[in-house]
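Pasting the structures in now, so scroll down.
Next, two complexes with subunit A in common: one pairs it with subunit B, the other with subunit C.
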Partner chain A sequence: MAELTSFSFRSGTSLLHRLDVRFKLLFLILISLISLSGDFPRLGIFTCLLTVLIINSRLPLKSGLKGLQFFLILLLLILGARMVTTPGDPIIEIKFFSITRQGILSGVLICWRLTIIVLLGFAFIFSTRSFEIKAAVEWVLKPFAFIPGKRIATMMGLTTRFVPVILNQANETAEAQRARCVENRKNPVYRLIRLGIPLIRRTFERADKLAVAMEARCYNENRTDPELSATRIDWMALVVMILICGLVVSI
Partner chain B sequence: MYIIEIENLSHRFEDGTLGLDRISLQIREGAFVVVAGPNGSGKTTLIRHLNGLLLPTVGAVRLAGVSVQHDLLRARRLVGMMFQDADSQIVGETVYEDVAFGPENLQLDRNQISKRVKQTLIAVGLTDFADQSPHLLSGGEKRRLAIAGILAMEPKVIAFDEPFASLDYPGVKQVLKQILSLHQSGHTILVITHDLEKVIAHADRLIIMQKGQIVRDGLPAEIVNAVETFGVRAPCASLLGMEVRSWLN
Partner chain C sequence: MESSNQLRMMVYASLFAALTAVGAFVAIPIGPVPIVLQNMFVYLAGLLLGSRWGLASVGVYLLAGACGLPVFAGGLGGIGRIVGPTGGYLIGYLPTVFLIGKISNRANPRAIFDVLAMICGSVALYACGITWLKIVTGMTIAKALVVGMVPFLIGDALKIAAAVAIAKALRPVVRVSGYEKLS
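Let's look at the complex of A and B:
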């Protein structure tokens, strides 16, 4: 079976791979927040930083973009909508629509911001093992006694683990129905119900089996804590990141 | 010494169906036992009592002299269980994580966990797959991963529920080799199956179940010819009057 998506962890020794997940999460949040309100010079600095990280970590941008095709369509739609709805100096006028200079600038700015955030997320997932993300979530939620951090982390892990299994199941059920000429039924609601009900039933059955299997392996919430350790590189990266963010904000 | 002692065990399900009916059984440490019977004969219900996933309605189950009900955690450490559907048993997002799941539940420290996971992955031949997602493994590899998940908890008894179901020939051989190697290393093995062909050559005891009762219990060679009376297909070789040979030869 092929890999489900290019948005998954690949082992490596780059700077991003070596950074502690908590620092990476902090950097991701910081850059995303600043980018959301950033203008062209600010986004330019972040793009340079992102380019260095992408080259250093050998992020498979080509296959990533293939997986992002629907996101790219969304960007085009946003750009188009901005171009024709933002008032300003018209560049091209077609009947009721006019494409404005301000619209193009505003559309490009929004698309650029979103691209930076999505690429950051891609780099984060590409360089971080899922158990590290789980461990970071557990660590972040630890001070909040009323939130069951360990349970949430386990649920996150199980969701990631079972998404491919459920997708396979959906595929198998759909194929079995196609083999019995379900395509002759033109009503999409009928087809959705016929696919959905057995799929949900099988998913619940699987969840039941999973719960028994976890019980057999002594599952409880007092488990060994995940191991997270910050090194000198992480602290140095934090200082550099604070300097870059300070520079960007002060522009 | 008996590692498993079952005394007058009956189990009635919530809907009133009788799953097990007055079963008494002792299994020696290091034995290789095959439990066979048609669907619904109570095989899976029986093994689920060994580590307290099901509790007796009547009777008792003891592991090395201690009642299962008395200490469920001990029972689950002593008896590892491999379920029929390996996909539903694998909980980790990577092979390494899945093997570490049991030791983490036992609250071992990180060094011990790492040591156990590495040793176990070597034992089942999955070291090269440590960082891989389990859904990318083949059927046989998934079964071996499920075995690794159990082995990392260092059980004394391992119960396999239909370990060869929907495996191809190489997959069956891989899993069978693994089971034999576990037996050789001193584990007590219980294999639940309705397909005797693949495993009976290695067993030292055969138990046949029907309608929640044990209807035959003895040496495989002595009772294998009678199994068809109870809805279990006898191995081809025995039907032809020949000696049943291992699938590994």
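Let's look at the complex of A and C:
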């Protein structure tokens, strides 16, 4: 996946890297929910917090922005739509459209909220190993007896394992078809079918082999769990976080 | 035998979750807008795996995305994407795959039920997607329809047509528990 996306784990020793993954998930959800309904002062506080964390953990913002270009285009579209459609005091009028003060304010507000949420996700992936995420999922699902948490964690592991396999297979199939002049076929349904059938069929054969291999090695859901341990830093971070969130909500 | 069957279905469901993730990146370049394969794989998960394991597959995909594994379109995962403006489409995959599995997964699969199932599924998908787009961005419903549905309709029709043919070709290959009694 590393060559596919710029969003992946990078090792480091910053505060974000040292926090326990369960606490990070909790903070992520907490801040996302609050900023979804927040207005300017609340978002301001979260932005300050996020800036400190980003600088502290040396987040590679430049490569991140490159990967986020589609998201940025979407943000611009939303901003434009809000500016034109919200009624209020007009600032600039061009024939049929009038850009209003209220429209600009609400557009900026919405874009700001979404940017904060996306940057949070970026910071989380950047500082968390995937096996830690798997362990956290098992831990979260443990109290729900009716959800097979261990099976879900294994399936998530398998899914991330399958992704590069499928990508390679898709590239291989596409190359083989290009060599046979598939580009002369303009019928999109034909192209979809010709790409879909070999791709799914071959990856299913791989999956079959994998299932047999797992069975042969006595795959069982009763196995030793990875250990997660909360340290003093985590509890301190939790207290600070609750204080900040309390402050933000009470504004 | 029962447990080995379950293990195979589990691996298949993970495979379809991975296909859904990859589908966001694999596109067929035709015309000005490339056709992205993602929702075709979701349709196929419903058609080939049935409602229960299809649901598991999409659930695992969403959970992996929510935990921050880079599986969503654009490469960035995280809970932010699910509560973000396009999150309704992601959540909408759940009822979509369930409906498709329920309607099409009968003892004697026929193309007409497959098409019907996928049309019902995409209606459910757009209902979730558009509603959420409207709530988060505050657009009017007409505007949300124009931005979030109209541009994709032709592509969806093509994908449904292709998915029918692919499902027909692959059902004998994919040994899914429900279909085993047939052969």
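In this text, the second predicted complex is superposed on the first by the 248 of 251 C-alpha atoms of A that agree within 3 Å, B and C clash if a C-alpha of one lies under 4 Å from a C-alpha of the other, contacts with A are read in each partner's own complex, and residues count from 1 in each chain.
As a working rule, contacts are C-beta pairs under 8 Å (C-beta built on N, C-alpha and C of every residue); 3 or more make two chains touch, one makes a residue touch a chain.
Quantities reported herein were computed from a predicted structural model and do not represent experimental measurements.
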Touched partner set for A:F131, first subunit B, second subunit C, both or neither: first
Contacts of A:Y219 with subunit B and subunit C, given as first, second, both or neither: both
Contacts of A:V189 with subunit B and subunit C, given as first, second, both or neither: second
Touched partner set for A:L210, first subunit B, second subunit C, both or neither: both
Subunit B versus subunit C as contact partner of A:S11, first or second or both or neither: first
Partner chain in contact with A:L158 - subunit B first, subunit C second, else both or neither: both
Partner chain(s) touched by A:A176 [first = subunit B, second = subunit C, both, neither]: neither
Touching partner for A:I251 - first (subunit B), second (subunit C), both, neither: neither
Comparing the two partners subunit B and subunit C, which touches a greater set of residues in subunit A: C
Intersection of the subunit A residues that touch subunit B with those that touch subunit C: 1, 4, 8, 130, 158, 160-161, 165, 210, 214-215, 219
Touching residues (chain side subunit A, partner subunit B) in the complex: 1, 3-4, 8-9, 11, 129-131, 157-158, 160-161, 164-165, 168, 206, 209-210, 212-220, 222-224, 227
Residues of subunit B defined as touching subunit A within the complex: 51, 53, 73, 76-77, 80-81, 83, 85, 87-94, 97, 101-110, 113, 131, 133-136, 149-150, 153
Residues on subunit C engaged by subunit A in the complex (per definition of touch): 4, 7-8, 10-15, 17-19, 21-22, 25-26, 28, 30-31, 35, 37, 40, 44, 56, 59-61, 63-64, 67-71, 73-81, 83-86, 136-140, 143, 147, 158-159, 161-163, 165-166, 169-170, 173-174
Of subunit A, residues touching subunit C in the complex: 1, 4-8, 25, 28-29, 32-33, 36, 67-68, 70-71, 74, 77-78, 81-82, 85, 106, 110, 114, 117-118, 120-122, 124-125, 128, 130, 133, 136-137, 151-152, 154-156, 158-163, 165-167, 170, 186, 188-189, 191-193, 195-197, 200-201, 203-204, 207-208, 210-211, 214-215, 219
